[in-house]
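Once you scroll down, you'll see the structures, which are given as structure tokens.
Shared chain: chain A. Partners: chain B in the first complex, chain C in the second.
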Partner chain A sequence: MHILKKENNYTITVGIECHIQLKTKTKLFAAVSNDARNAEPNTLISHICLGMPGALPVLNEEAIHLAAKAAFALGTVPQKNSKFDRKHYFYPDLPKGYQITQFDQPIILGGHVKIASNGVAKNINITRAHLEEDAGKSTHPAGQDYSLVDLNRAGTPLLEIVSEPEIHSSAEAKAYAKELYLLMRYADVSDANLFYGNMRFDVNVSVSKTNKLGIRSETKNLNSFKSVEKAVDYEAKRQIDLLEKGDKVLQETRGWDDAKQKTFSQRSKEDSHDYRYFPDPDIPPVELSDKYIKNIQKDLPTMPEEWRKILNSLELNDSQIDTLLISEVDSDIKYLKNINKHLNDKPMAKFLADWYINITIPQVNDNNFVLENSLHHSLELEIYRLIKSNKLSSTNAKALYTEITRGTKLPASIEDYARTKGYIQVSDEKVISEIVKNVLAQNPKAATDVAGGEIKAIGYLVGQIMAQSKGQADPALAQKLIKKQLHIE
Partner chain B sequence: MAKITKEDVLRLARLSRLHLTDEEVSKYKVEIEAMLGYVEQLKSVDLGDLEPTSQVTGLKNVMRQDTEKSYGASPEQLLKNSTSIVEGQIKVRRMLQ
Partner chain C sequence: MSSVLSKSQWPSIASISTDVQNGKSKALDLVELAYKTLENSNEFNSVISTTKKRAIGIAKDIDSRVKKGQKIGKLAGVPFIAKDNFLTFGGETTAASNILKGFNAPYQATAIERLEAEGAICVAKANLDAFGHGASTENSDFYTTKNPHDQKRVPGGSSGGSAAAVILDIVPFALGTDTGGSIRLPASFCGAVGYKPTYGLVSRSGVIAMASSTDTIGPLTRNIADAALILDIISGKDELDGTTIEKDKLGYTNLPTHIKGKKIGIVAEFMGKGVDPGVRSRIEDTLKELKNAGAELVEVSIPSISLALACYYIICPAEVSSNLSRYDGQRYGHTSNMSGNIEDSYNWSRSEGFGSEAKRRILIGTYVLSSGYYDAYYKKAQTLRTKLIKEFNEIFNKVDFLAGPVSPVTAFKIGQNIKDPLQMWLVDILTVAPSLTGSPAVSVPAGYSDGMPVGIQLIAPTGKDRDLLALASVTEKVI
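So, the complex of A and B:
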């Protein structure tokens, strides 16, 4: 309670910088493969990546194309004129001694990300987003007096997206990170695979009791939505505790220890702030034509915001919609496209959405889904038909679906297959009538109760009928027949 | 003329991760001052109302297609320029403790 009250007197302010690896085939300035995931160290390198004297970097047109696309995803248009600059600092994973980045004329200025946190919608404005090359990767073997450098990643194109400090809670920070992920995935500019570090977040956190912003810390290289949330929580509490004790918050760079769930102080950067930027003479400026910009806008895929409107019309709640939006890009199954195909038949579209949320997605997440992409949609349509014609109960439908999707083949006739497996309901009145008669005779007490108005007991009788029919009776029909035979209604 | 202090030299050395002896600091102080002084002569040129520029070639949109190509030198050849390679990686002085 005590801590909560203290926090309420402070305003937490967060700005987020996000580095996203663009999905080009080659690096930003060298025609060398950009896919370092399974490559041996230092196999994807050239004289350009190593910064050798005389090497001439040449800009990858696809990186410009993807960055321009990202501008639209962020609700703005790409800048017609942008240029590249050198940012100097000396570090072993940066062979040239400078990074090629964009300083005063980035490709994106402005834009916003719409987030919803605790049901409240809010726009987080984007300050800028610029293109830059990634550095190499260094490792520090335990017990040794040296570090090792792998330059496969050096020169990979990154888009650094900088938000305004308009985020005011850890929940908002997480929502922002997640939405940014969706935007970049739907615009198809990045694989945004967090596991491979395709998307990394730096969070700038400060706390203040007044309108003036407090001194901020920067926690770098967070690689999950959860760690973004936790780091903001941790930093806010740490800074409030310091101020309450009468201490000062240091402006510093911090790292995140995921095992300990703590931030920790990293090397002081007081000197390295002097980056001595200047325009890179090797890279002539970029000028986008109106036609180029218009074509990119025209080709932009359906974005999350539009999907939300479509899914809202199917009466799904926000968390269900998010499940579909995230699953669409996290697996190969095209949930949204399948739903979209049937929008003219609302009940069917709604059935598919519910089915995906409740059955398919959990199954895929548990790695229990084998059936090929091109096959499962016809299975879903057939199941819908069988349920609608009362041939399949929802329980049996799930069992049937789970069974078939765990294999690689689709039966020639799904209905025949379901029948041989005993999933098809018996809707033949004569057959069920006979079973109802038997069950009523065997359970005279329950029958009397139901007849006497204790309608709840009917569930027990239906259960008995289901058991005797080995689950094949249509329960609705069974209930109707019990009432009929007991002369109720 | 630009005045360079001993602190300026030490700061530049820190930014470049260089260790300088006292003699070197004094030597570079004089040399850097002379270099900056030489470049400063440009300030005396009358530019009228000429706009600042960072490009003199007039080139723009110099780009390449997003396809791999061989530049001739293999990674093995390129790595020969490093003083020490451990398991395919470049060995450097330890950065983090």
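So, the complex of A and C:
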């Protein structure tokens, strides 16, 4: 069952092509570093990246390995037989005059991405995913009569994942992009760093009032989930407006202006190239053995679907689960692995999950977190013990945790440290009774109200007790003693 | 009969190397002898450029290392010439095309590196049909090489400069490339041994690509032992070429010396009407001698062979049009002075830089790969190629080798075919089939017809280079 988003009875249909940079050490066809993030222009190049005469591409087996892993992440198996083809066009950032890609025998055929949009789960089918080399980067300095080409990126391995046109709203488009990101991160095939353009989306959008698909536009090079969502919204609205005016939608390639939050026309279909694909004779066809494929499947890490099942058992809601899934790959903190270690102790696992969602993740997001993973994990376990034995209030627990995780070291004894810092609760009845007596004497009106049945006012009294005890009183105990001294039930 | 040319001033490559290693001769003297011989044969236009400064430097270095008692290698001080589509240091690499004039290679071909590692010294770069497109060297953008046996005739091509240089005795061996016959044909026209190995046996890295799926690299020499030694050194897997294969475990030297019981298939299609009677009788004589030496002769037919040329002249231009895309005038080679935008720069640089044969092949190749024509041409040609490979496999279940002439004719006159590209392409008719199947093939001198050399072509199944060299070695002895 598809949930179709309809505006003026139009059905929006979206297919997404996603280019993901694979995290190989070297380029797809050259023994040159693949990490161009902080490199000076044209420093990560060889005669192969430059398209020198006589230079031959030699396939990087690691790229095949990662693509095969990605196949499993997409819920399918890699193709046993695939091959590489040449796609021809002239451009200064394409040194050979052709791009090496996979035309009719890609490494992945089929598969799906499971998304949830508005609480409804749905599978978006994958048409295909193929390996190809990236081109270089061209820049066109404003007002100059030259352009600059940086070939550091030329030859970087990309996996282009093509979805079926089964997405029917901007929310679904965003959910698809996000889930694809998670899948690629959990399969550990890409850093998928959107800032560095490791993951780029092209959205094909059309609208129609009938069962027949409308003319589509392709908006290229979106590099955030939000821009995917906004571009789909913008295109759907633009196309509906055109049709309502009686105009036609043109089949064209469009770009996205993030500042204006608008798409703009780049080139029409008439300009489209004849790429003259043919099998690249320099690269022998790829053949994967059953054993190779089996080993990859065996070594596949725990994927988001599996984590969702685990986290569901801790009674977390979908949004909390997503927070954990995304945070796990966005930072160095091993939230899921830490939770996973304690699944035999459900309350503790649940405590950890809640703690991460409510306390750790916001702090990490605010860049206030320093303590390394193994250390803060033992801190979390100790805090859990102290809370459970009533020695630490949740407020004080958070304060203690915040204080310690901003540093690099863990105190030898966390309990001693908490005590000297005054975080440990006073649970000695005698001490608290004395304070209760004082507070009741000092607040006769509130005491009378409570005694007269206005139980709400007890909160005020407890607050006074906490203040006088400098926060060290066990609030539950204080409440119990107030009731006792006022002879309520 | 050119008896002067049949004698060489060079002893066998193995003994040249031994003499240098033992200090009996000096690498520097050998290099200078090569240059002196080159100078004396200048009128033949066999080379495009020399690498003199670097060659002399290397020769001196080898001599001083010998003096210190160091081991040099299997080719100590042996001078050679590389076809100018091999990337080499020490001078320009042009592929005989104006578009690469002034290009200095930033790295060397694997074959060159392997030869240098054994002490061989590249002294010059041989002329060729630009980018290997041709059968006569007349398509060189610079000049035509003349046949050492008759200056009015072509040396064959595209490795015409390499073949001529060996027969002019400038060097004991030269490197060539063979895509559809470009080693075998000039070897046959000039009277040299020309060896085209199994596809993938020698790395193509650093060799300017013509048609990548049939490009092979091999030696041109005066005898089989020299060719075998060079193949032994340059062959084998290379991490810079994903299509390379392992060499024979036994290597390619110390070849078997008898061919008793070996079956040689005489390809009927190779001995048909178009073959010049003089060429045919030289081939028949040679085959008779091989029979006397113990081989069994069987007449065979490979029906698809008659279509091999048509198939080749679709696949080859398709790959050529793609491989020549990189020559766009932006990073190296010729850049047009005509002003305009990037599109204009591409158009002018390529229009000015490429010769007419390159343009012809780019146009044909672009056409056969275009959408709407791909199925009718390129795909059909690939289907035919698969069929041809199947027929070769079947034939090789019955015979050990195939034999026939390299070319239906001996070296033709300069200018004779230049106006008729189709006639020029027909010269390849007997050599393209093994190129399409990847089979090893060799041209062995089989005497003369009207004073011009004739070569017998021997072909073996892929990977059977050692057996083929053994047969070729016996063949050269019985002639």
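As a working rule, the second predicted complex is superposed on the first by the 477 of 489 C-alpha atoms of A that agree within 3 Å, B and C clash if a C-alpha of one lies under 4 Å from a C-alpha of the other, contacts with A are read in each partner's own complex, and residues count from 1 in each chain.
In this section, contacts are C-beta pairs under 8 Å (C-beta built on N, C-alpha and C of every residue); 3 or more make two chains touch, one makes a residue touch a chain.
Remember, it's a predicted structure, so these values are computed and weren't measured experimentally.
S.K.: Determine, under the contact definition given at the top, whether A:Pro301 touches first (chain B), second (chain C), both, or neither.
M.R.: neither
S.K.: Touching A:Gly54, do we find chain B (first), chain C (second), both, or neither?
M.R.: Touch status of A:Gly54: second partner only.
S.K.: Should A:Pro41 be classified as contacting the first partner (chain B), the second (chain C), both, or neither?
M.R.: The answer is first: A:Pro41 touches chain B but not chain C.
S.K.: Examine A:Arg86 and indicate which partner it touches, taking first as chain B and second as chain C; both and neither are also allowed.
M.R.: Second partner only, chain C.
S.K.: Chain B or chain C: which reaches more residues on chain A?
M.R.: B
S.K.: Counting only touches as set out at the top, which of chain B and chain C does A:Ser33 meet: first, second, both, neither?
M.R.: A:Ser33: touches chain B, not chain C.
S.K.: On the A-aligned overlay, A:Lys96 touches which partner chain: chain B = first, chain C = second, or both, or neither?
M.R.: Touch partner of A:Lys96: chain C, not chain B.
S.K.: Figure out whether A:Gly407 sits in contact with chain B (first) or chain C (second), or with both, or with neither.
M.R.: In the superposition, A:Gly407 touches no partner, neither chain B nor chain C.
S.K.: Please work out whether A:Gly452 is in contact with chain B alone, chain C alone, both, or neither, and reply first, second, both or neither.
M.R.: neither
S.K.: Which chain A residues come up in both lists, the one for chain B and the one for chain C?
M.R.: On chain A, the residues that contact chain B in one structure and chain C in the other are 47, 50, 52, 58-59, 88, 90, 92, 147, 274, 278, 281, 283-284.
S.K.: Give every residue of chain A touching chain B within the complex, in rising order.
M.R.: Interface residues on the chain A side: 24-26, 30-33, 40-48, 50, 52, 58-64, 83, 88-92, 138-140, 144-151, 271-272, 274, 278-279, 281, 283-287.
S.K.: Show which residues of chain B lie in contact with chain A when the two form their complex.
M.R.: Against chain A, chain B makes touches at 11, 14-17, 54-55, 57, 59-69, 71, 73, 75, 78-79, 81, 86-96.
S.K.: Mind pulling up the chain A residues that touch chain C in the complex?
M.R.: 47, 50-59, 86, 88, 90, 92, 95-98, 147, 274, 276-278, 281-284
S.K.: So in the complex, which bits of chain C are touching chain A?
M.R.: Answer in residue numbers: 86-87, 93, 95, 100, 103, 105-107, 109, 204-209, 211-213, 239-243, 318-319, 321-322, 325-328, 330-332, 342-343, 346, 366, 369-371, 374, 378.
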